[in-house]
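So, here come the structures, one by one.
Below, subunit A partners subunit B and then partners subunit C, in two separate complexes.
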Partner chain A sequence: MLTAIVLSMLALAPIGLLARHLPRPLIGWVLALLPLAAFAGFAARAPLVLEGGVLIETLPWVPEMGLSVRFSLDGLSLLFALLVSGIGTLIFLYTAYYLADDPGMGRFYVYLAIFMGAMLGLVLADNVLLLFIFWELTSVSSYLLVGYKHDYPEARRGAQMGLLITVGGGLALLVGLVLLSNAAGSFEISEIIGAGEELRASPFYTPALLLIFLGCFTKSAQFPFHIWLPNAMQAPTPASAYLHSATMVKAGVYLLARLHPALNETPLWIYTLTAVGGTTMLIGAAIALRKDDIKGLLAYSTVSMLGAMVLMAGIGGHDAPLALVTLILAHALYKGALFMLAGAVDHEAGTRKLSELGGLGREMPRTLVLTSLAALSAAGIPPLFGFVAKEELLHATTHSNLAPGVEMLVVGVTVVAAVLGILYAWRLVSGIFFGPAAPRKKAHVHDAPIGMLVAPGVLTLLSVILPLGLLPMVSALFQPAVMAIAGEPGEVSLHLMPSALSLPVVLSVVAIGSGAALTRFVKQISAAPSPLPAWLNGDRIYDAAISGLLNGTTAFTRAVQNGRLRNYIRYSLLALLAVILTPLALFAPGNAPVPDLSNITLPEIVTALLVPLAILGTIRARSRLGAIIVTGVVGAMVSFMFVIYSGPDLALTQLLVEVISTVFFLLVFAVLPASFQRLSSAATRARDAVIALGIGATMAAFTWIAASSKLFPPISAVFKAEALAEGKGENVVNVILVDFRGFDTMGEITVLFIALLGTYAMLRLRPEADPTIAKMRGKTEPDAGFLGRRGRREMGIGSRDGHENGQDGAGAPAPVGQPGGSQEEG
Partner chain B sequence: MYESMILRTIARLMLPLLLLLSLFMVVRGHHLPGGGFVGGLLASAAIILQIVAFGPDYAREIIPVNYLRVAATGVGFAACWGLLALVQGQPFMAARWLDTPIPGIGKLGTPVMFDIGVYLTVIGVTTQLALVLAEEPTLYPLRRSPPPQTEPMAPEA
Partner chain C sequence: MTFILSLVVGTLFAGAAYLMLRRSLVKLILGLVLLSHGTNLLLFLMGDGVVKGMPPFVDEATGVTPTVAADPLNQALILTAIVINFGFTAFILSLAYRTNQAVNSDDLDDMVETDRL
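Let's look at the complex of A and B:
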């Protein structure tokens, strides 16, 4: 059932493309049935979970790696699954109106459905590897959604930033989860949670926790990784409301809550989360107050609330888990609504800037009412659900496990953030709907269509009626979720009105009172100059880092790949030397086998000695033809070596390869000057000689050690014994090639073929080789082929650059091929 | 291309012999030295001999096949016989053999057919590479007329 929901959501994503054809708003209602069905599915399972049961489904995937498709539905997962599918339904509806005129709406629905499947998978996964896969899938779908308007550079930048930060954090998370699983001995989350004691004692605890924190903080936009979230506001508003406020950004919070029972209660957990969450809450609220763009304001207020959630995951204490789930629900309800309403304002008024809005209350009364209610909930004003959440938040901060001094600080920060929350909520509503009307972008602004207000209306209505009559139901829903976070059963009962006058109530009254008092100065506060220096700006630092990275890699590539083949060879050989020599130098001394030279015969000595002689001959050769022929001696001797050791197949193959490569050499070198000339300095040649000798010595040592070490019994005996019986052939070499190691051969012939395609494309599909291409491109410089002018000159093919090669090019006849070809060139 | 009477006479004589030898190598490869790889090299050596003696145009003329296609067919052919086992529920490329030997050839099975795929691939790749080099206008500008450099250039758009 759970598996079916998640996988069918992913599989059915393409039906979003229907939106291309059918009448626009109607198709949204049809497509919304998809998430609605998922919502109904989870709601049907709810009674089981609310009674304390856990629904688990397992499907083996890669059992060898401990990877299984294992989903479980407990209280925490249920809460998130209902949020994801429920808000998803509303977002699907809203999108149909918001993007009614957009030709790409079908694509948008596909991305949304993929995201929904991934997010459901994330919150239901009971296997850390599976969770990671869905985690990254949400990042990818967020990238697609933010970059939806990909013809705008800001959208591309926002998408890229979100992807780099969240996927980078995701990689850290993967390492952390693997460490954690190793320490716990299982990849199943339920078993990891059960192994809490061992985990906290394990030496992997600290690194694993820090890496997981990195993943969660990047995903949930915690300071200083929060910068991607405001930039993700380039996404169309439905995506902002859904991913970047109600669901995806809470994934980090979800994981912290999920692992809470196993990992909490250590100072590392408590104080890291408290510091990061508290800082994020305060900074987010402060920046939100200063934003002119209403989506930017909402984005930073989301950052602030995410900080509050991380704080709740960290501070510990009996009441923090309840505060956390209450915050999650309250925030999803009011922030989802506010985003959709902001989208409606943008849609109707044509701008999202507070400085260009104002006085819209008369034209957009319905939007005004809904926005006001949602903003009141955001500000934590009774009797809305946001108030209940803020009460719980203050209650939890005053009953935490923190040291008393730190607790005082946290309480203070929370109250300040609450005051700021009231101020930015007020600024949002008053800036859009009240005050003097700014010059309008559109001539006739009218209220948003009813269909567009259905989705935010439902969410706002919930914010209103939940605290007024349904708190027992909400408490019942929270009960198993709180149990999953706290790791122990406990009674949950939410109240709208406090039963007694306690410290949290006083703090709440203080916050509301000072917030209300300060609203008249909101313009001055939000316009105050920033106390931070200009360079201390996350966006700037990010841009500098990205351009620094690009410049650095460009410079490196230019240095390494400068078009000179001899440099490529040198760098490759040096890299090879480093890779082989390092382990060799570390492990070989002392372990080096003693060579056994007693059985050596005269033919072997002669053959072996001829190889270095031939190499010397190649180096000393005056003419190219001579060098090629002497090189052939090396191949012939290797081939002869195979004959001595009775490998006729290898000898035959080696000989043929030698013959054919000689022909290839001749074909290529035919047009080069017939004799060599020294262009490199003595120092260069000495350096190259050292590298060459080093490579030769290293490879010789490597081969020697590899051949004489007896770590494992050689496999050749098995091959010999099995060749006829299993491979039905007497030629062991061939049986190995086509049967025992047939898969390797398959790969090799594929590589051969790809090499051919590459060579063919490089040599044939260029303008000089094909006059039609030259004509098509209208090329003016036929000389700049795949080698380019400079490369060709270096190889001595000076066809148009005058007679740089002097008498070598002109006088000497070509060794083979076109007679006189060389003269033509020179 | 090298205008030598001796080379050309021998090359003409050797072509059928070398091609037959290459086929022989493939067929006997499973029991005696030989096999698809060696056979393929031999066959393309035979064709390369024609390129050296008579030039690439002649080599294309006497065996008019598209070697790029031969190489692609070889890879595909080899892969296809690996799929047979997959259809029968065995791992990819598990060997399947006919029960009765074919007279003159011996036992037939997927590894033998796979070897033929290797043979075709090696012929195609090696020969096509030689042809690409031999027909390269930068290396051999006289072979094609007129050379692209002297063509009137299209005006820049």
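Let's look at the complex of A and C:
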């Protein structure tokens, strides 16, 4: 059932394209049936889970890799699944009204459905690799959603930033999850959770945890990775509302909550999450207060609340898991509503800037009521559900597992963030609906259509009625989720009104009181100059990093790929050196065989000594003829070695080839200048000599060690035994060539024939001798080459104008510029 | 014997590496020739040991090949390699010939375009 739901959401995504042709906004009601069906499916399984059961489905996928399609539905997954599909239903509905005039609405629905399917898969997956796949799928689908208006550069930038940060974090997460699975001995999340104590003692614990943190912090927009979330505001509002309330950014929080029972209670877990979550909560709230764009304000308030959730995952204590789930639900309800309402205001008034809005309360009364209620919930004012969440938050911070001093700090930060929350909520409502009316962007502003307000209305209604009488039901829903996070059973009962006067209640009263008192000064506070220096801006740092990366790789490519063959050869040689030297250095000391120098005759020594002498001669030769002759000596010595070491056929062939090659060399070099020029500097030659000696020493050592070790019996015994019987020949080498490995010889002949054809073509086909080609050349002369003569000169590519035919020796090379060439080379 | 041959292989590779890093086209070609010698010898050493005076022939008296005779398989492979190297050398020499006709230089840095060849 779970598998069917997740896969059908993904498979049925293309039906979103129906929105192209069917009448709008009616189509929204039809398409919303898709998430609604998923919601109904989960709701139907809810009783089982609420009684403490867990629904598990397994399909083997790649069993060799430990990869299975394994979904499980426990309390935590159920809560998220209901949120994802429930809010998804409302978002589908809202989209039809919001994008009613947009021709691309069908495409948008497709992305939305994929996004929802990915998120459902993520929260239901019980295999870390499967979870990772859905994790990345949410990143990719949110990239498509954020970049939906791809005609705008800001939308493309926002989409790219979100993708780079979340996918980058996702890669860290993958490594972390694999380390964790190795330590636990299983890829299944339920088994990883069961192996908690073993994991905390494992040496992989710290690296795995840090990598998983990196994945969760980037996904859940924790400081300093939060910058992508405000930029993701480029998405159409329905996508923003979904992204912020129930999906994407909640994925990191979900994973922390999911792994909480296995990994918590260590100082690393507690203090990393407390520090990051607390910082994010405070900074997010402070920036939210200063934002002019209402979607920007809401985005930073999301950052702040995500910080609070990470804080709750970290601080430990009996009450933190309950506070975490309460925050998740409360935030999903009010933030989803606020985003959709902000979209309605944008849609009707034509702007999202607080400085261009104001006094809309008269024209948009319905929107005013809903926004006020949702904002009150966001501010944590009783009797709304946000108040219950804030109570739980304060309660958990005062009953944590932190050291007393740290706990005081966290309590203080939480109260300040709560006061800031009240202020930005007030600023949002008063800035849009009250005060003097700013000049209108549109002539006639009227209230949003009812259909557009249905979705935010439902969410706001829930924020209102849940605390007023439905808290026992909510507690029952939270019970298994809290159990999944805490790892142990416990009683959950939420109350709207505190039964006794305790520290959290006092703090709550203080926060609400000071927040209310400060609302009079909200304009001054939000307009105060930023205390941070201008360069300390995440967006700027990101842009600088991206352009630095592009410039760096361009410069690197120019330096490495500079068109000079010898540079490529040098890199290849150095790479070869590294590849061979590493195992040699690890293996050779102590294992190298001792050379046996007995049984060596004078001819061997003379032959071996002549090779380096001849090579030196080749290198030092000033005349070409001399170079060719001493190279011939090397070939002759190699033939002689074949004679000594029982390879008569080799010696014969080598000698013949050597003679013909030398003749050929002499023929070709007759046309070249007689002596070598000295082309490279002494420093270059010295450096190349060092590389060459390194290669020589390495190859000698490698050859010696490889030739002295016998790991496998040679297969040539078969050839020796069967040569006469099967091949009817007495020379085993010849029998191998013409019989046992005859096809090799066939290939060899083919290669030789192709080389012959190439050589013939090279020597005989001269374009200037062919009248047709010469005529063609003449015609194309005005724009010689694809760039044209001028273009080539501008690009610094040398051209030899007027020397079509260099055969007469007059075609002296023009001064040459190298494309991208940078260094003087030898 | 293996030890001396290993040193020779190292020398050939060192000379080949140095020559291939030169700016002169001719030296590059000579480097490739040395590289093929080095590779052939390397292959020669990778067989079933190196022996003196025992080529892999069938003994006429007994009708079998002595097991202590040289390894025939890598000799067959080297033979193929020598011939292919010859074809390759011939091709690259004719290429150098034509290049010299067009560019009239031995300096690889003068060879920056292919349009006129």
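Everything below uses one rule, namely that the second predicted complex is superposed on the first by the 563 of 826 C-alpha atoms of A that agree within 3 Å, B and C clash if a C-alpha of one lies under 4 Å from a C-alpha of the other, contacts with A are read in each partner's own complex, and residues count from 1 in each chain.
Going forward, contacts are C-beta pairs under 8 Å (C-beta built on N, C-alpha and C of every residue); 3 or more make two chains touch, one makes a residue touch a chain.
This structure is a prediction, so every number in the text was calculated from the model and none was measured.
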{"item": "First (subunit B), second (subunit C), both or neither touched by A:V416", "value": "neither"}
{"item": "Partner chain(s) touched by A:V659 [first = subunit B, second = subunit C, both, neither]", "value": "first"}
{"item": "Partner chain in contact with A:L737 - subunit B first, subunit C second, else both or neither", "value": "both"}
{"item": "Touched partner set for A:M746, first subunit B, second subunit C, both or neither", "value": "first"}
{"item": "Touched partner set for A:V406, first subunit B, second subunit C, both or neither", "value": "neither"}
{"item": "First (subunit B), second (subunit C), both or neither touched by A:K728", "value": "first"}
{"item": "Partner, of subunit C and subunit B, that touches more residues belonging to subunit A", "value": "C"}
{"item": "Touching partner for A:A692 - first (subunit B), second (subunit C), both, neither", "value": "second"}
{"item": "Partner chain(s) touched by A:L763 [first = subunit B, second = subunit C, both, neither]", "value": "both"}
{"item": "Subunit B versus subunit C as contact partner of A:I715, first or second or both or neither", "value": "second"}
{"item": "Doubly contacted residues of subunit A, that is, touched by subunit B and again by subunit C", "value": "648-649, 653, 657, 660, 664, 668, 671, 729-731, 733, 737, 745, 752, 755-756, 759, 763, 785, 792, 797, 799, 816, 818-819, 825"}
{"item": "Parts of subunit A lying in touch with subunit C, wherever the complex brings them together", "value": "563-566, 569-570, 573, 595-597, 599-600, 604-605, 608, 611-612, 615-616, 618-619, 624, 627-628, 631, 634-635, 638, 641-642, 644-650, 653-654, 657, 660-661, 664-665, 668-669, 671-673, 676-677, 679-680, 688-689, 691-693, 695-701, 703-704, 706-708, 714-717, 719-721, 723-724, 729-733, 736-737, 741, 744-745, 748, 751-752, 754-756, 758-759, 762-763, 784-785, 792, 797-800, 804, 806-807, 809, 811-813, 816, 818-819, 825-826"}
{"item": "In the complex, subunit B residues that touch subunit A", "value": "1-3, 29-38, 41-42, 44-45, 48, 52, 68, 71-72, 74-75, 78-79, 82, 92-93, 95, 97, 107, 109, 111-112, 114-115, 117-118, 121-122, 124-126, 128-130, 132-134, 136-143, 148-149, 151, 153-157"}
{"item": "In the complex, subunit A residues that touch subunit B", "value": "648-649, 652-653, 656-657, 659-660, 663-664, 667-668, 670-671, 726-731, 733-735, 737-739, 742-743, 745-746, 749-750, 752-753, 755-757, 759-760, 763-764, 767-771, 774-776, 778-780, 782, 785, 792, 797, 799, 816-821, 824-825"}
{"item": "Of all residues in subunit C, those that touch subunit A in their complex", "value": "1-15, 17-24, 26-28, 30, 33-34, 37-38, 40-42, 44-48, 50-58, 60, 63-65, 67, 69-76, 78-80, 82-91, 93-98, 100-110, 112-113, 115-116"}
